[in-house]
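Written below as structure tokens is the structure these notes are about.
When the chains are written out, they are named A, B, C, D, E and F in that same order, and each has its own residue count from 1.
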Amino acid sequence: MRIHLVNPNTTRSMTDKIAAAARAVAGAQTEIRAATSAMGPASIEGYYDDALALPGLLAAVAQAEAEGADAHIVACFDDTGVDAARALARAPVIGIGEAGFHLASLIAHRFAVVTTLSRSIAVIEGNLQRYGLDRRCCAVRASDVAVLELEDPRSDARARISAEIGRAVREDRAEAIVLGCAGMADLARALALEHGVPVVDGVAGAVTLAEGLVRVGLATSKAGAYAPPRPKGYVGRLADFAPPGLPKPD
Amino acid sequence: MRIHLVNPNTTRSMTDKIAAAARAVAGAQTEIRAATSAMGPASIEGYYDDALALPGLLAAVAQAEAEGADAHIVACFDDTGVDAARALARAPVIGIGEAGFHLASLIAHRFAVVTTLSRSIAVIEGNLQRYGLDRRCCAVRASDVAVLELEDPRSDARARISAEIGRAVREDRAEAIVLGCAGMADLARALALEHGVPVVDGVAGAVTLAEGLVRVGLATSKAGAYAPPRPKGYVGRLADFAPPGLPKPD
Amino acid sequence: MRIHLVNPNTTRSMTDKIAAAARAVAGAQTEIRAATSAMGPASIEGYYDDALALPGLLAAVAQAEAEGADAHIVACFDDTGVDAARALARAPVIGIGEAGFHLASLIAHRFAVVTTLSRSIAVIEGNLQRYGLDRRCCAVRASDVAVLELEDPRSDARARISAEIGRAVREDRAEAIVLGCAGMADLARALALEHGVPVVDGVAGAVTLAEGLVRVGLATSKAGAYAPPRPKGYVGRLADFAPPGLPKPD
Amino acid sequence: MRIHLVNPNTTRSMTDKIAAAARAVAGAQTEIRAATSAMGPASIEGYYDDALALPGLLAAVAQAEAEGADAHIVACFDDTGVDAARALARAPVIGIGEAGFHLASLIAHRFAVVTTLSRSIAVIEGNLQRYGLDRRCCAVRASDVAVLELEDPRSDARARISAEIGRAVREDRAEAIVLGCAGMADLARALALEHGVPVVDGVAGAVTLAEGLVRVGLATSKAGAYAPPRPKGYVGRLADFAPPGLPKPD
Amino acid sequence: MRIHLVNPNTTRSMTDKIAAAARAVAGAQTEIRAATSAMGPASIEGYYDDALALPGLLAAVAQAEAEGADAHIVACFDDTGVDAARALARAPVIGIGEAGFHLASLIAHRFAVVTTLSRSIAVIEGNLQRYGLDRRCCAVRASDVAVLELEDPRSDARARISAEIGRAVREDRAEAIVLGCAGMADLARALALEHGVPVVDGVAGAVTLAEGLVRVGLATSKAGAYAPPRPKGYVGRLADFAPPGLPKPD
Amino acid sequence: MRIHLVNPNTTRSMTDKIAAAARAVAGAQTEIRAATSAMGPASIEGYYDDALALPGLLAAVAQAEAEGADAHIVACFDDTGVDAARALARAPVIGIGEAGFHLASLIAHRFAVVTTLSRSIAVIEGNLQRYGLDRRCCAVRASDVAVLELEDPRSDARARISAEIGRAVREDRAEAIVLGCAGMADLARALALEHGVPVVDGVAGAVTLAEGLVRVGLATSKAGAYAPPRPKGYVGRLADFAPPGLPKPD
């Protein structure tokens, strides 16, 4: 099967790291096709970047659909655009945030999220609440690491993340940790060993959830919230995003 | 004071109707400046349109900020992009959905929302939950009226909306109704008379809330979730949305 | 328009301060008529005072209705008697507690309340829960300042309130503060400057909300919870509170 | 032990019926002293009556405290003034609403409340939410029976209540019913037989809860929300309600 | 009346202590019959012990039913098997955990639970949530005391429990404490004196609730969740637990 | 990898059907080892059966652990004993109920559960609440089909289940359906085609979740709620369930 993984920011080195993490857990029959967004922010840090990452993300999903993807993974921990992608795509769509939360719920009574910047806490808490999984999450903590520091080998980002995990275990009684950024995908194993609790990387989690949905033949319901976009005119710079079925505006 | 009202869809007739509703309640000292989004969908119906309406909306907010707006109103009942606009703008930002919910909470113990298409119910319920006001909302009902039907004088949209209000009052014990689309702004008064319960139009409500915030000197907190966007590179078609502070990418 | 503001405690100096705060934000066309309760406690601190403040409050509301008020403001942060006043009055009724919560929700993702005595925390938390806005409130904190200390220029009340605000910002990640007592109405601006986050005074907020409701033509729904009191006999000291429509008992 | 039962409305025939229901379940060592409020409404139907019933209720509680009551029961299903009475009294205080909800939770997974008028639904739902027991309550239904109809032997009140119970069992899957008015205390047994599900009368329930608290030596905590009223001046018609400890105002 | 109290662990000394606490509050007409489980764990500490305590508990309940019990008390703070016992028994069933929570709700706005080991926190929090009373509980704290240490007079268990109560009062603003283990039944009175807040023992509480239910004639509803077990075959070691009505398997 | 699937009821034909459903989706490298409980009820219908299924279930889990299972699946929709099994096992444990809920959350905004008997509704609703996923579930509906009817080819069980699914789609606006019994595992595909919405079988879902957890190297956290059972004496018929580490009682 072919899983389309889209990095909704425009930093290619991050896509490469995410794709490697995805391939490390994918089944032998699974092809991971990774795409980097062609427009928008170099990293996603807060509501503004989230909003402007959407067109590039949706363009990548549309193209992958056309090429026959069996599932889509949105590789931003904010689950940016997952709802819009579900409306657009025929194949199932998984966000790495929700993947992390769902898997953590299956192995721990209480989990904590350790993310990058404090401005992302509100986004993540909002998602947890929509999914219902805030009831299982004891804390969303920021490590004050900017996303692109994770791409810089000289940064002490890993140490700050590890320190925050330690606080979550001690102060919040977290039984498991969900890493709150796609760019942390390569850290999970070592941090789990260091802290003695499971550490969940949403990228790897999303791959197995996507494989699972495809294997059991489940795709997004089109019966309500995720009905296909209605045909209508789109104008200006985004005119070519008009949903299929309507003659393109000229 | 100057209130910037942006219609995040690209249908100018709808902007005109909304602006008229806004001016009808604005104070004598208030100037309403209405803008129509320059890019994206002609109407916003569900998650996909919501996502693609964001760049046009944020461009309009950025321009109004530059021109000295005292407050911004986002005239889409989904409150599309309100969080991103709060991060971007210095002046306070109000969505017409939240305006309707907050005002309804002040005049009724239970209110219902009557919106356009059923695909919007999930968006609205999600917002209510984030705001906490789902606890006061007894139902979100769809009237199966497409947004642009509201612009068509031959449509029976009004009758279908009225029928749904009747059901909300009888079956859900709704004590007040919030109209779930900016395009319904001209119907509130007549429907209230018809059904004998308050009918809240979010556009009018947002104007008075915006005036109020400006009058008491309150603007969005920049201390957490709505911190200003961090300077960073944006690429491709959206390169010019890069937050100020960083040299524009070439 | 004429807004009736009632201080449900019997301390006239506090009414004067509240009325000044109200007039400072009221529109040019708005007349603020302030009343002091004629019976009951000199300050409202906890459930017992709340209960005994109700007759005086409702008498003031009834009189203002008779004199043609366009809206009523209940100037006690506990929102004492707001529900009963809504049942009694034809004009809309706003409590300064709910006013503060609703406005804070529009400018911050998380807000904290800083009130007077710890016994009021339960009252305020109960209100937040009924309104649904507990989901947006990260803490209700007491500054251990008695209400009437706020009337005493020699008190260090302001310093204690400021210290508690500091804790809310640092420890609770509050992005905005709601001042939890009508008697703090004169402190908002200076405390906001001091702490660098918005500080919301419910008195000012309630004025603009009341003006807004009147301007858009909304008043309390009489369809359910706030149906007018049924005519019936009242006896004893409160016999003259019998709802209109029934011959007064003699 | 001596249990003080106060009917916070001023209708003596109702007090007699409630007292009889209380005595029917009280232990041999328990004395039930029933009081009728000396001021306020003849029946409590909605927020306005609730508010004006408080002084009479609190006066009765204060007198019973002075006479050495071991526990207090507030015999209005709205639990009017229970919080204020807890602050005032040394002995524990139980409302018949909460008594009914707590007992129903112990014998059924889901219960429904059948009350008098629809205006009381909001009051009852608010209480359930504060207590947390809304999670166990599947519906609050009104039978459109006025409180004093329950005192009139020619009324068909009983038939209307029974019909509503039938609907709760069939449509809401209620496993037990809580009768939502003190005036229904004499109907519980027959309605249970008729419908084949437990029917809980809060008056009887409150008596056994009060006896239980006394027997195990528990009384209201004075550590927080229910701290004793602070000494302060009260003026006007309610001057004699000033909390003890302060010289009475003259 | 005859109340059947079952200790679902197999430690007889603990049964004796619990029975003594029960008898100390039982009415003169009440006979407490205490049983110790005949199979399973010596103490119940976490989900595994909870599960294996069920057959012994249900066997004891079945036998007591056959002997004519008027009510059953399950004397494990986890409320292990209370739901299953309700399905099995005709007489009402009370868990000591729920008894403690319900009574604490009647005498305090916020209560804390102080239990034995941290692994029990999840069990207790889950129960509070199902009952709805998590809304009234400000903390569930573990004292790191193993259950059987409570049977050992040389242990410092009491000191550790007291220290944890102190923290709950100071740090969580707990207004009352619920003791989170049947084995603590003898400590309540002294700890209340020591800390100046009510301390609730669920064993004593359950006795008075059970007496109350019997006195008012209430037993478990059989209309839904607690319908009697359906007749069916049981095999192996548990074959004799097959619900009555079916010929025993051989 | 080796996945241990335990049917916690004692009906072998049901185990065979469940195992077939599991093998139909398992990866090529996955071995499904299915076990039937050796003691307890022939089917699990309500709290009593749930309780008595636990020893057989835990014995099967313990044996599979000893034989080197990589993951465990509990094939009862009530998720009976999943928490206890997590405490006991080193390998991860998945219940088919939670599997169904989590997967449905990834493909639909709102899902409904269609189960067997109405007595199971309370169990399932309780689980949904603990997991947080009640927020995504719009209804739990019973089809009034007994579990073992699903094993009887002459039964009209399938028709009744299909009718209930139809009602969930029409009346509850369910966008997807979760089948609420392991015995329905063979019906999912046909019912999805019939109703045009995704139909989730928890057995297939649990297999892919278990494979996923193993593949990414995640197992149950032992840091809190699921700490290994403490060594202690067990007596009577269940003496051999004593946790390892303590000399077996004789």
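Quick note on the criterion: a residue touches a chain if its C-beta (ideal position, glycine included) is under 8 Å from a C-beta of that chain, and two chains touch if they have at least 3 such contacts.
This structure is a prediction, so every number in the text was calculated from the model and none was measured.
Among the remaining chains, D is positioned farthest from chain A, on the basis of C-alpha centroids. Shared residue numbers account for over half of those found at the interface formed by chain E and chain F, and the copies are therefore classed as meeting with the same residues. The rotation that brings the Cα trace of chain A onto that of chain D spans 180°, given to the nearest 5.
Spacing of chain D relative to chain E, judged by their CA centroids, is 28 angstrom. Inter-chain centre distance (chain B to chain F, centres taken as mean C-alpha positions): 44 Å. Chain contacts: chain B has residues 109-110, 118, 121-122, 129-130, 135, 173, 224-226 touching two or more partner chains. Of all residues in chain F, those touching chain A in their complex are 25, 27, 92, 94, 98, 102-103, 105-110, 130-136, 169, 173-176, 189, 196-198, 200-201, 204-205, 208-209, 211-213, 215-221, 223-226. By the touch criterion given at the top, residues 10, 38-43, 45-52, 54-56, 58, 81, 83-84, 86-88, 118-119, 121-123, 126, 129-130, 146, 148, 224-227, 229-230, 232-239, 241-243 of chain E touch chain F in their complex.
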